[in-house]
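Take a look at these structures.
Both complexes shown next keep chain A, but they swap its partner, so chain B is in the first and chain C is in the second.
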Partner chain A sequence: MRNTDRLAHNAFFYAIFAPALIIILFLTTYPIGTILRDSFYEYDFIRGTRFFVGFDNYRHIIGEELFQRSFQNTVIFTFAASFLEVFLGVLIAFLLYGEFRGKRAASLVIIFPMIISTMVICAIWQIFYHYEIGLFNYLLGLVGAGPVGWLTDRQMALFSVILVDIWQWTPFAFLIIQAGMGSIPRELFEAARIDGARSSQIAFRITLPILSGQILLVLMLRTLDTFRLFDKVYALTGGGPANSTQTLSFFIYREGFSFFNFGRASAASVITLFFVAFLALFYVRKLLREDD
Partner chain B sequence: MRRTCLVLVVLILCAAAVFAGGKREEGVTTLTIAGRDGAFGTAMDLATQEYTRQNPNVRFEILKLSGAELMEQTVIELRGGTGAFDVLLVDDPFLPRIQDAGWLVNLDDLYREQGLEIDPDLVENMVNVGRYPYPSGDLYALPHVGNVALFAYRHDIASRYGYSAIDTWSDVLDIARRIDAEGDDTVPVLFRGVQGNPIVTGFLPIFWAFGADILVDGKPAFDTPEALAAVEFFLELAEYAPAGVTAYQATQVRDALLSGAGAMAIEVWPGWIGDLENPEQSDVVGKVSIAAHPGQVKGSSSMIGAWMVGIPRDSRNIDAAFDFIQYLTSAPVQEMMADKTGIPPTRHSVHHIPRLQEKYPWYPAQLAGQISGSVRPRTDYWPQIETVFGDYLQRALVGEVSAQEALQQIQRRVTEVLR
Partner chain C sequence: MYRFRFYLQRALFWIALVAFLVIIVAPIYWMVITSLKNPREVISPIPTLFPHAPTLQNYGNVFSAGIWRNFYNTVVVAVSSTATAIVLAFLASYALVRFRFPLKINRLFLIWVLVVRILPPIVLAVPLFTVFNQVRLINTLAGLIIAFQIYTLPYSIWIIYGFLKSLPLEFEEAAMIDGASPGRILICIVAPLVRTGVIATSIFSLILAWNEFLFALLFVRTPRLLTLPVVISRYIGEYSTQWGELMAIGLMASLPILIFSNLVYRQLTQGFSMSLK
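Presenting the complex of A and B:
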């Protein structure tokens, strides 16, 4: 290709690419820039007053017990939910591997929770968890155990929210892993069997290493999503009891939309963004290494 | 050909954009109401339908939002000055915050301009809730829903223990203990235990009755012997509440009361108990007394939780909106809304209608509460104070901190908020 042709080709490429790039850059950098700026102000949204306070918002928030607890809860939720979802997703994908009667129906049933609205799911689980009339306490009663305060006991509440998330999002992990398993040539397994490999060896030495890219991908997607947990806390516990299910997103919501204190909400958002970016970077690096 | 098609498509799109709003009817005013969901929304539907029937040139668009959504939408729209709302429902503790920003129309001015006066039939104490500064400044909102917190108890159970009426919180504790000691299935005490607004709202009548206060001369007053006595009493009383009370919301309290599962509710609102005397919905017809809250070291302290109706300053239909809010708070409309939806009126005359008194036997207590009830502190920082108060109160309730520690923390945190 001649130089002029190459230049024309590149110019055309950049010309069609530029509008999308500008819009994407604007839609991502402008809000982040605004939040970053507001985080250094005491910003009362109702009055519209803004005073520069430097790092005061950050210092106060980080020193607050509620923020520390929200952060701790978010980290516990993120790692517990995402790792268990991926583990169970892999397990179910292994169980449903191969052709058998009813596989399609089973897959449909498994992915069902993922397609229901989170608010509906929370309403259903709230009934399951009800202290007096809930299904779980009824079942515990049948085996002679005492009732559990699923959403009212501060030792249990976060675990109960994690359980709902696992129920809803394990199917997502299952779908991605199942797609990955479907792309592995069957001959590979047949050859391993001919060579005398046991099922566990095939699973751990062949299948899982091949699926590691998919597993990392789904782990990243679930980690980033669970780190922003808000809806389930809002609908199931409202952050209680005694702040035991407070999360960073809920903290930000409260500062922003209950108190309209946008400076503090922005500072908390920047801290959250920092951690999400750190996690994303970690996973992306791992994924890129996998690709190499 | 291609170019012609392109030009044609662009022309069609432009025309569609221009007429996207639909054909405007000549002389028709559309009022947009930012309102509440549930029974409040149903009541607003009834009122607006009737108003349109009488004034065919006025139509309505009603946004039915939850309390939190309404607050968010209100702030975002009014701050933007878009003029999107013509009529606005405001929860009374939020009114000073809104008016501090100067977002509502001065109704006193409108009354003066039109040669009108505020109808003295509206309960004066409720009208004053709409004044800024409270209680004697200019009027910015009219009382639409006359909510006051009341106390509910099963008089058949109370009389079993020799109480013909419950006068003090000590009586409440005594009855709760005796119900519990008898091993009765009935839950002695019900309240909303969810952290934040619900638990604080339920607790405030006890707090006030013990002589405590939230702010004294604008400074937090949580770390006082009166406040400590109130919280310790509350924790003692909570031992007789259901095990899952920290998740109890209005629905759970109402259901337990209507099904006969609960003996006393330390906080009920008129909107919750509309079906109390309806045999199709209630198992306790004629067995529950609804009264003003008991007193303790101080007399009964009912809490006002009114919903006010005002006009945003940026509304483009201020005159029409003013006419509508007067209609909305008029006696016939309050009577209709009370009858059909259970919405508590804010007028003396409507409280005295025999048919309504028969349907809602708590009307005398409700009116008394409106006349003498207290409002929550008028401060811009009420949401923060309520959140801190509710968080630590619930932490004390679940045993994470003692009453003393909770109050010290509330005092410290609220002082920081107010600073």
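Presenting the complex of A and C:
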């Protein structure tokens, strides 16, 4: 190739790569840089000034009960929701192993919860959870139990939010694990049976070890996704009652958009990023290894 | 004995299946029937499985309140942000597959794209709000379309990149020898070859953008410009007794998505295990 040709060739690739690169840098790299800087400043929103405070924002937030509560709730939600979803997904995949009539139709129904908008789902569950007109309290009344304040009782609220997430995302775990099970050759199970293995032995010694990669992947995806919990808290409880459903995302949202404490919001964001990075390290390495 | 065990197993299987399906369908069924109940029946303390006097009153009310406008906003934002993401992702992925940028940019960029998919979006929302405000993108649908690239672009890049990487070089080389320009090769040769990947990515991206809540809530305030998820969240907060109307909007917001369930299922089972979120 002549020199000018090579130049044109290179210019073409730079030109088609640039738009996506610029958008990504603008939407992610720049904001993260801003957060890192802002977390060391205190903002006076009324006067429009800011001054450097060092690590004060971090120190104050970490010492606050509300932040600790938000962190604790996020961790509880993340682990409870993702582990239960994967556990139930595996269980149902085992129960529904094999071919049956109407499998395709059933599978179509099964993906409904994860493609419907979270807001629609929250609206429906608001009615279910309603203290006076809700289906749950009505059913409890039928068996003689008293009504439960699903979203208004401090002990119950976080659990109720977790339950909605489980309803929404267990089908996702189920489908992926079911697909994994479907790709295990049947001969393997038949051979094990002929050798005299019991069903439980087959499950724990053969199926689960083969599926372990898939189970881990779903678990990671769910962990990363549940860690950012915001929508459901916003729509179901608004962080209440008595901050019992506050999460990290909700804490940042309130500091940034209700109180305009950009310094504190940024410090909370940096702490959140730190934990996400920790979770993600594993995930990114795994996906990149698959890529090579 | 064996016969008994066999029947027991079959029975367990069907019980599990029916229970699972009922739990999944019940909330959706509840949404449909509640949207058909009149206001008095909705707030009755004894919930009814079938509406006593089915009525379309709720739908009439939300239509006359101008819900079409919000429906239209949601369509515009979902379609435009998907189209933008697909075009940019296709161009960038092709460059990443066929060209080595200096300083290991190829690999760094791909890692960064993955990282972005993992970030909690609220972390980006606070600083972005300030920037969008300065360039007057707050309270515009264009602003939302750009902000949604945080979700749709990394996702589309990762999937389309995967498709392009598995493409053999021969077609492009043949076209090059015939004297086709790189732009022509890209549009006439490469684009048709990754059609299936583009369709799959578009569907997931459409669903993502259709349901997005966080930026839609924070970056748009004018009622006329709201998208459906935000309208729903306002209903939950403000008119908390209008359950029938709320469910009518919910159903309207869900129907266009449910049409895609067949396609989504096929993609999921074809090994797109990582790609839903």
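Structure notes:
In this section, the second predicted complex is superposed on the first by the 245 of 292 C-alpha atoms of A that agree within 3 Å, B and C clash if a C-alpha of one lies under 4 Å from a C-alpha of the other, contacts with A are read in each partner's own complex, and residues count from 1 in each chain.
Simple rule for what comes next: a residue touches a chain if its C-beta (ideal position, glycine included) is under 8 Å from a C-beta of that chain, and two chains touch if they have at least 3 such contacts.
Because the structure is predicted, anything quoted here is derived from the model rather than measured.
Legend: residue contacts after superposition of the two complexes on their common chain; A:F257 is shown touching both chain B and chain C. When the shared chain is aligned, chain B and chain C each come close enough to touch A:E132.
Contacts of A:P241 after superposition: chain B is touched, whereas chain C is not reached. When the shared chain is aligned, no partner comes close enough to touch A:S160: not chain B, not chain C.
Contact with chain C, but none with chain B, is seen for A:L21 once the two complexes are overlaid on the shared chain.
Once chain A of one complex is fitted onto chain A of the other, the partner contacts of A:G149 are limited to chain B, with no touch recorded for chain C.
Contact comparison for chain A: of chain B and chain C, C touches the greater number of residues. After overlaying the two complexes on the shared chain, residue contacts for A:L66 are found with chain B alone; chain C is out of touch. Touch criterion not met for A:T226: it reaches neither chain B nor chain C.
Residue overlap on chain A between its contacts with chain B in one complex and with chain C in the other: 132, 257. Listed in rising order, the residues of chain B touching chain A in the complex are 68, 71-72, 75, 79, 97-98, 100-101, 193-196, 242-247, 380, 383-384, 387, 391, 394-395, 397-398, 400. In the complex of the two chains, the chain A residues touching chain B come out as 45-48, 66, 130-132, 147, 149, 151-152, 154, 237-243, 254, 257-260.
Those residues of chain C that touch chain A in the shared complex are 12-13, 16-17, 20-21, 23-25, 27-28, 30-31, 34, 42-47, 88-89, 91-92, 94-96, 98-99, 101, 109-116, 118-131, 146-147, 149-150, 153-154, 157, 162, 182-183, 186, 207, 210-211, 213-214, 217-218, 228-230, 232-233, 235-236, 243, 246-247, 250, 253-254, 257-258, 260-262, 264-265, 268-269, 271, 273-274, 276-277.
Of all residues in chain A, only 9-10, 12-14, 16-17, 19-21, 23-24, 27-32, 34-35, 38, 92, 95-96, 98, 100, 106-128, 132-135, 138, 167, 171-172, 175-176, 179, 214, 217-218, 221, 224-225, 227-228, 230-231, 234-235, 248-249, 252-253, 256-257, 262, 265-266, 269, 272-273, 276, 279-280, 283-284, 287-288, 291 touch chain C in the complex they form.
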